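Order of writing sets the chain letters: A, B, C, D, E and F. Residues in each chain are counted from 1.
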Amino acid sequence: MKKIAIFPGTFDPITIGHCDIVKRGLNLFDKIIIAIGNNLGKKNMFSIKKRKIWISKSFSKKYNKKIEIYSYIGLTISFCKKKKVNFILRGIRNQLDFEFEKNILFINNELYKKIETIFLISSHKMSYINSFLVRSIIKNGGDYTKFVPNSVRI
Amino acid sequence: MKKIAIFPGTFDPITIGHCDIVKRGLNLFDKIIIAIGNNLGKKNMFSIKKRKIWISKSFSKKYNKKIEIYSYIGLTISFCKKKKVNFILRGIRNQLDFEFEKNILFINNELYKKIETIFLISSHKMSYINSFLVRSIIKNGGDYTKFVPNSVRI
Amino acid sequence: MKKIAIFPGTFDPITIGHCDIVKRGLNLFDKIIIAIGNNLGKKNMFSIKKRKIWISKSFSKKYNKKIEIYSYIGLTISFCKKKKVNFILRGIRNQLDFEFEKNILFINNELYKKIETIFLISSHKMSYINSFLVRSIIKNGGDYTKFVPNSVRI
Amino acid sequence: MKKIAIFPGTFDPITIGHCDIVKRGLNLFDKIIIAIGNNLGKKNMFSIKKRKIWISKSFSKKYNKKIEIYSYIGLTISFCKKKKVNFILRGIRNQLDFEFEKNILFINNELYKKIETIFLISSHKMSYINSFLVRSIIKNGGDYTKFVPNSVRI
Amino acid sequence: MKKIAIFPGTFDPITIGHCDIVKRGLNLFDKIIIAIGNNLGKKNMFSIKKRKIWISKSFSKKYNKKIEIYSYIGLTISFCKKKKVNFILRGIRNQLDFEFEKNILFINNELYKKIETIFLISSHKMSYINSFLVRSIIKNGGDYTKFVPNSVRI
Amino acid sequence: MKKIAIFPGTFDPITIGHCDIVKRGLNLFDKIIIAIGNNLGKKNMFSIKKRKIWISKSFSKKYNKKIEIYSYIGLTISFCKKKKVNFILRGIRNQLDFEFEKNILFINNELYKKIETIFLISSHKMSYINSFLVRSIIKNGGDYTKFVPNSVRI
């Protein structure tokens, strides 16, 4: 049976940290669904459409054939059920991420017993990159290009 | 002399984690004042009135006769002075909670020497529950009922 | 009914941090049993006898009449049962302490449901003091007297 | 191609936390090699032989046919190379575990690029259990049986 | 060659914690530029003008002649380049600060190799003070004067 | 006046992480005294003599003329007094390091008011390296050479 994982996030924008997790995750999974969360009244910097295009252009052919990109509304766990996927893939950079992820995971397990979340620790040369800092650099006119894949140009 | 503690929070809404701390606190204190903070310009999901009703219906008679419910405006420490209460009761779930509580406590002690804050660590089966996550589940149409007392129904 | 707590530790030697927790704890409890753990094959710097004497001389009369001092072998939880005490009092200085205490507490609750552990956060001017550092200072010939009560002189 | 992971540890003794990680890991991997590290001059409580027997009796037939048990001397990474396994499976309970695992992982990646470490977060009802605490309970004559599989009886 | 550092922040308002870091930093640096970040769409409580005046009145003559005060828009790193300053001075109070600063530092080093960030750990009697808590006290009508230099009066 | 710092440690053995901190520290200080702590009954892997030689061969001429190497017995703070040095230089890799250093610093300040400790955060590509892990690799026959300067060969 094929092993499929959902890799949820806001990807606002996708970073080289995200790309690293997806590529490494594909050693483990036969397919990864990159799922753009589109909810919670959070204001995003870039449109869903733009984010989807950037993601789709971030991976070479070899990876792209094993990747699907969706946006979803509502709980991640509901999207997993809908897609009949039992694995969530997540990257952890630091202790704050860990604590956050642990709580989400325990809540998710209460809501949907079958789900299993698989964690990869971010490669050390990417462990300081997150979309929030990238957006700050963009807003302040700094050079953001080192932290995002080539597809992301504004 | 009766030992009375204030258990402050936003309770937006009350969770089974809050209930656990109150019940355990009543082994230690003769009375607990559940104090709903109503300030700081924070936008809340539920009205003070609704939160009060939910809290009052969350405990059986045995506990309820030792509980009072108030809302207050201003600093918690000022409310303690006004009520002539020298104990604050707080639950801690994780290291982030701890760091936050530690700073609040040190500030409080500078402002009002007599106050003492008593901490209970959340029961492990509730250590991942917080009102923020419960509100997220509610907003996204998930099943929130496992994380709140039966009194909370929307 | 009298409220009694056990304050367990190795007290090798007692520090002003320990004294602070005991004094503050006596606002809450009618009696505190200071319980010197004497087990686990841990090598201690000072004899149980010396530690007991130092502890007994660390508090003024006002506090001393509410304090009992014991040493015990075995699990803290077993000593609590034996003494018919349902509260453990603990001080937390930092996040490492918190994580450690949390695990002990969960284990204790599995072993003895009735037990409740009450935490106080160390006063900020004592949050950096622990017996390990005091022993290091002593071993290296430094001035340890600022970190221990007057009773402790070597 | 079969996906195989090594689950390294000292298992001194195996706990229900270890069992939980192995069972959940078998949703992801076709085989798991439980690898008892036997090095570093660390003094262990139980013999390798005893630990192996306990592990082998900890899983039902359904799981056991997908499990192999070895002990090894030297670096985990060298054992992975020898066994031609590219995945390491690890459980994380808390922030301390995370920090420790992160450093090991970065070192491992420097030494052997192909290796990928997969993390599961311990189920919340097991997040406080570790072999060190279990050994303390055993040494102090407490009831350790809640924290280990039925196979472990002393 | 003179050693100059930039001490960036929002200083909304300046606290006695900030003053402590600047004074201690002047043991190390010949000049410190206090740089008020004015960007990111963050809503501030006090105007840049007021914050500048408060800062300038917070230090005695002895210190003031080694201090310059600026506000800046954009990335801190860009302001450093513009001022031809190679050192950033930062205070760290706790583990959360540390994690935050570490990520900023790594990003900064990617953007501008020459920059070096120097950290001082906040004096323990100030480790719990931050502008956010001070603003909360002000908003709620509490006594904020213990946490800010005498220059800050509202 | 010349600015001199002491960089204390066990350097058992020196790692590329230590070298990184010293080189970066020399942007700030006119001289750095690398001080090998030789106390506390800690068992070390390599002799003081070997550690000294390795350190002395770890830096190019440009750096070496600004470096002195000593070993010392007793408290670091006593060695600082003896050498009339008012700055200690320390690298921090992660939150555990931070917590540890914070306590040491507060103790040091109690013992010797004049001392100031300056922290650099380890470069991210070195943040996972420590002497303990290097010793483990050596003991287990792994390739340690990536983590130490060329001078360290066994």
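Just so we're on the same page, contacts are C-beta pairs under 8 Å (C-beta built on N, C-alpha and C of every residue); 3 or more make two chains touch, one makes a residue touch a chain.
Worth saying up front: this structure is predicted, and the values here are computed from it rather than measured.
Common neighbours of subunit A and subunit C under the contact rule above are B, D, E, F.
Considering the contact criterion stated above, the chains in touch with subunit D and with subunit F alike are A, C. Chain centres here are means of the Cα atoms, and by that rule the chain farthest away from subunit C is A. Copies subunit C and subunit D of the same sequence differ by a rotation of 120 degrees once their CA atoms are superposed, given in steps of 5. Between subunit A and subunit D, the centres computed from C-alpha atoms are 29 Å apart. Distance from the subunit A centre to the subunit B centre is 34 Å, each centre being the mean of its Cα atoms.
Put simply, the C-alpha centre of subunit C and that of subunit E have 39 angstrom between them. Each of residues 95-96, 99, 102, 106, 124, 127-128 in subunit C touches at least two other chains.
Inter-chain contacts occur between A-B, A-D, A-E, A-F, B-C, B-D, B-E, C-D, C-E, C-F, D-F, E-F. Chain contact summary for the complex, subunit D toward subunit F: residues 39-41, 73-75, 77-78, 95-96, 99, 102-107, 110-111.
Subunit F makes touch with subunit A in their complex at residues 95, 124-125, 127-128. The touching residues of subunit A, when paired with subunit E in their complex, are 94-96, 127-130, 133, 136-137, 139-143, 146-147. By the touch rule above, subunit E contacts subunit F in their complex via residues 3, 24, 27-28, 86-87, 92, 95, 98-99, 101-102, 105-106, 109, 116-121, 123-124.
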